[in-house]
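Just below is one structure, and these are the notes that go with it.
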Amino acid sequence: MILFNSDYTEGAHPDILRKLAATNLVQTAGYGEDEFCTEAREYIRQACNAPAAEVHFLVGGTLANMTVISAVLRPHQGVVSAESGHINLHETGAIESYGHKVLTLPSSDGKITAGQIEAAHKSHCSDEAFEHIVQPKMVYISHPSELGTLYTARELKDIRKVCDECGLYLFLDGARLGYGLCAPGTDVTLEMIAQICDVFYIGGTKVGALFGEAVVITNAGLQEDFRYIMKQKGGMLAKGRLLGIQFGELFRNGLYFEAAQHAIDLAMVLKEGVLAKGYRLFMDSDTNQQFIIADDVKVAVLKDKYGFTYWQRYDKSSSVIRICTSWATREEDIKQLLADL
Amino acid sequence: MILFNSDYTEGAHPDILRKLAATNLVQTAGYGEDEFCTEAREYIRQACNAPAAEVHFLVGGTLANMTVISAVLRPHQGVVSAESGHINLHETGAIESYGHKVLTLPSSDGKITAGQIEAAHKSHCSDEAFEHIVQPKMVYISHPSELGTLYTARELKDIRKVCDECGLYLFLDGARLGYGLCAPGTDVTLEMIAQICDVFYIGGTKVGALFGEAVVITNAGLQEDFRYIMKQKGGMLAKGRLLGIQFGELFRNGLYFEAAQHAIDLAMVLKEGVLAKGYRLFMDSDTNQQFIIADDVKVAVLKDKYGFTYWQRYDKSSSVIRICTSWATREEDIKQLLADL
Amino acid sequence: MILFNSDYTEGAHPDILRKLAATNLVQTAGYGEDEFCTEAREYIRQACNAPAAEVHFLVGGTLANMTVISAVLRPHQGVVSAESGHINLHETGAIESYGHKVLTLPSSDGKITAGQIEAAHKSHCSDEAFEHIVQPKMVYISHPSELGTLYTARELKDIRKVCDECGLYLFLDGARLGYGLCAPGTDVTLEMIAQICDVFYIGGTKVGALFGEAVVITNAGLQEDFRYIMKQKGGMLAKGRLLGIQFGELFRNGLYFEAAQHAIDLAMVLKEGVLAKGYRLFMDSDTNQQFIIADDVKVAVLKDKYGFTYWQRYDKSSSVIRICTSWATREEDIKQLLADL
Amino acid sequence: MILFNSDYTEGAHPDILRKLAATNLVQTAGYGEDEFCTEAREYIRQACNAPAAEVHFLVGGTLANMTVISAVLRPHQGVVSAESGHINLHETGAIESYGHKVLTLPSSDGKITAGQIEAAHKSHCSDEAFEHIVQPKMVYISHPSELGTLYTARELKDIRKVCDECGLYLFLDGARLGYGLCAPGTDVTLEMIAQICDVFYIGGTKVGALFGEAVVITNAGLQEDFRYIMKQKGGMLAKGRLLGIQFGELFRNGLYFEAAQHAIDLAMVLKEGVLAKGYRLFMDSDTNQQFIIADDVKVAVLKDKYGFTYWQRYDKSSSVIRICTSWATREEDIKQLLADL
């Protein structure tokens, strides 16, 4: 069986494992107050060109989302998200478990628009009963989205503008950020994201690390006491060094982008291959998640040999399946898959 | 500098790192549904002689505590703990963040007694205003305690008896459980703990793993839907395999106990050494945390060469310092420390 | 100005005020443990033909909703509701503030169907990632709905059947229950509601009381420790007698139904009147809320003389307005309104 | 039976009932946006000499406490209180239910000191592990305390000073404030309280109203969006007018102080009477709660004729009982009680 179910079917990029082994007996302080973390934070600030940003390392995406949102919002405030947003659909109500409503906007491609956000804000403000309704205060976007799609620089700037006008914070979930930044044709850079967002995170779990997400808080007004909230939410790793070592390795010499580029290259091979074979795509994705429409007989056959995600029914006789590539995907496996499709 | 601040100043036992490297490219399912986790769960059930227990792997102790307590209690119920309990003092209100009050009992040695628990229960039930007061429903004990002390088998059985009589659940925080089980003279076994507790966990972070705690739920009535709660609390690791691999390694052939025994042996060398030198101990601990009373001049001198935890003032001219050993402590460092004391 | 904005623009039915005055100096125990509450509970159990039900008095609807839902659900469980449900739209996230997600179903008339509920349950159970998704565990319906519509006996029974099959609790918000039970043509009775629901409440605030909702818990499995939860949520009134006196008055001799019937009669006068005048209704309601489509010029004129709720835009030149009647509405005011329409 | 159990055994001061009846059919807006509330807010601002204060009406003390604390604190922050504080002991964990730890200070008389508060703050700040510990951010005091005792002006000013130095908010629970302000010898005024506190409330439930507490927010930084939080917590009464009418009546012409003075006068008659008879007091209270030490035989005899609160055992053969007076207490009943003591 070859697994394309997700971008976290293997361990970590070998360089990371090597570094963990090499530093294993170095003694450090706990809880992220070690020199590896200090160094990694500095690499990330440089990569973002955000010298005043605070960088915090958390173990996973759900923890990152709930910690950021809980740190920023007051109890009556909610977070605006696409219906398909990870915080809305796939975190077992983690955001609600800390008291906040996810205010959803419809989306067919995983993205939301500046216009939708502005309308949601205005609708709240102009409602006679506004105090009876959760106040939108933060916008949550995923880049790439849960459907592999990407915002353009223009779209992000428009969202920022609306956030400024409406007094909203902008939070970007970058669980797969590396794949977005390496996608062909994107005009979005890490530096731009750091400029546009109040807070965002750079995903490691899905881009080469064993685990870990680097939360970057660029809005100084949101930096206070973040470590208390991390600890309270269970997100302050005792051996915080593990996160520092991994992100240090990923950002010292561009390993993060190398790993992501590998996945993107193979995803494009796959995409072009299936299009050439006459398949249709459910979503036009330039990132490492490819959503392919295949007839049910073919899907059944593939199942014996490959792991992949059954996404949804497409029509009576065909379905959408999701294929993920990662830093670890082998070119020969993609070629084999193409041959079998 | 030689650090004795805690039992998590290094990475992981080398066997664990080797195993992580060896399995790195094996493809698995995520979220703890892989074969490594399955295998590790079975090892732990065997070590506990608890074939019907559910075993779940969480990343850290605070997450383990908050997930277990949130999974078990209804909103109006609280958890009884020593004042010095980790959930009360050092988790930034994680338990309260999910709505539950920690009901504290005074304790000078980190332990609580069956009598105290019974009195707290009776006091609640007999209060006219009982519905206005948080209902005690779970008992939280740490073994070893935060002060390095250990319950005896008799004490644990008495606590179990009171819990049965009063309708209370018993939850044991075993963040340092290995050190307790290997302490000289203890009559408490892992099997006994599994019999006596409704739920407990076996700490990996502080006993040789990179990170990880194995929650063991022996009370079938508390097993339902635990994985939902794990996910909601941010405690379901995407690459759950990392926990399975580590706990598999620790429990396949007794590495967990080996690692703990090493720390205990060195802690006993230290304890006997300081007693022989005329020092007094703040707490008589047979585990890997040693609490030594030293005069302030000596403490200041040691600081230049060693890392340790300043625990508290003892009297006008002396203080309590905590020295931790671990699986990674070197005998020569303990000897040097003794020489310098 | 004559106000038709809501059914709570006046104080209380005069009989209630009289009773409050007459009993004012009687000394009683607090917190609902007085004889007035005992008596009122018994009247309600009789009216429901539910001798084993527990009856609790809460001050308002939001408190009733949050207390019931928090008492029943575990942290990972959510409550299924129409998008237009009060708990979803107009309680500032009260349900989420206690950690629970509201799982919404689309609805054009304020009601949800057994089929929708079953589909939501099945969709959850059959999802590969079900543990990553909030578990539907309770169904929330409003009767009358927020749009004035009513379930039929058949619809309620079908919902009950699905709840049984799917292991879901059924909770009915009866903030305006009196108006539903007195609506022309309804085949739903209070006794039937008590049989069909696990828990529901009988609204007093909007049907003649100064304030107060009577929560009826018929499912014995949900009765344990409810008063603790009430107290924790701030819902246990010190002078609980005030609720006992009011509900005693409302249910001793049918005052509750008399008061509701008065509102319904006038609502039907209004409904027939506007239809006769050629107006269209936005929603066909047989209860005390009437949703009338009127052109914007007319709406502007009415505004100078009447209070009402602007509901929503209907088309370019007309809007929907909501007119509420209550126990206190005067026939002459309805006639005047009809004349002015 | 004559009840002295509490200060809420009767309904409301007759003037309040009369006013409720007189205004019963006046139509108003809901949720506290009516003219009665506007007027009452202004009376209270005048009584406090705090023209810029926000005044909000809540139904009860627990709701007031949880709403204020939840509105002010961030998730990792806790509220400092005497162990005997109502929020700590008698609200079934309401504060924790919204995520906040109550940080208790020992107290034998229900009061805490500036020195204790300063020490708690410093202890937190100087702890190496401060981010692992709940951050003290608000101070909660009750005036009168739960034991009937009163702060002096000096004590309050010292607490304010420490709060300023330590960056803490000061919140005063005035559930029985009227009785405190009318106590013989007190040098604390309502105006002073408004100057010293960031937020406090004036209790109505226990001082003549049917129910209701007036929250006064003098710190402008804490005023934003308070009504959203009120609604979310279930504390925004639909017929908010009821609170406006009651507080209007209480503060238009000093009825609040009249009612309280009556209770104090009778409490002093009782206090002097029991002292003259040779009884000892458990707590020297100048307010409406009197704590009398009586031998158990006497207590048993009194029980047949009077209601009172059994407070605690005093020694082998005697107990502490609490007698409350209120606006409704009759002089003849106090005299009878004295005769029977």
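We call the chains A, B, C and D, going by the order they appear; numbering starts again at 1 in every chain.
Note that in this section contacts are C-beta pairs under 8 Å (C-beta built on N, C-alpha and C of every residue); 3 or more make two chains touch, one makes a residue touch a chain.
Bear in mind the structure is a predicted one, so any value in this text is a computation, not a measurement.
Undergrad: Pick out whichever of the two, B-C or A-C, is joined by more C-beta pairs in contact.
TA: Most C-beta pairs in contact, of the two: A-C.
Undergrad: Rounded to the nearest 5 degrees, what angle rotates chain A onto chain D on CA?
TA: 180
Undergrad: Using each chain's Cα centroid, which is most distant from the centroid of chain C?
TA: B
Undergrad: Report the inter-centroid distance (CA atoms only) between chain B and chain C in whole Å.
TA: Centre-to-centre distance between chain B and chain C: 49 Å.
Undergrad: Averaging only over C-alpha atoms, locate the centres of chain A and chain C and give their separation in whole Å.
TA: 42
Undergrad: What parts of chain C, by residue number, touch at least two of the other chains?
TA: Chain C, residues with two or more chain partners: 75-76, 91-93, 97-99, 131-132, 228-229, 231-232, 236.
Undergrad: Any idea which chain A residues touch chain D in the complex?
TA: For chain A paired with chain D, touching residues are 31, 70-71, 74-76, 98-99, 131-132, 135, 225, 227-229, 231-232, 236.
Undergrad: Within their complex, state which residues of chain D touch chain B.
TA: That would be residues 75-76, 78, 89-93, 96-102, 128-129, 131-134, 309-310 of chain D.
Undergrad: How about chain D: which of its residues touch chain C in the complex?
TA: 1-3, 5-6, 8-12, 14, 17, 20-21, 23-30, 59-63, 66-67, 91-94, 97-98, 205-206, 210-211, 228-229, 231-239, 241-242, 307, 328
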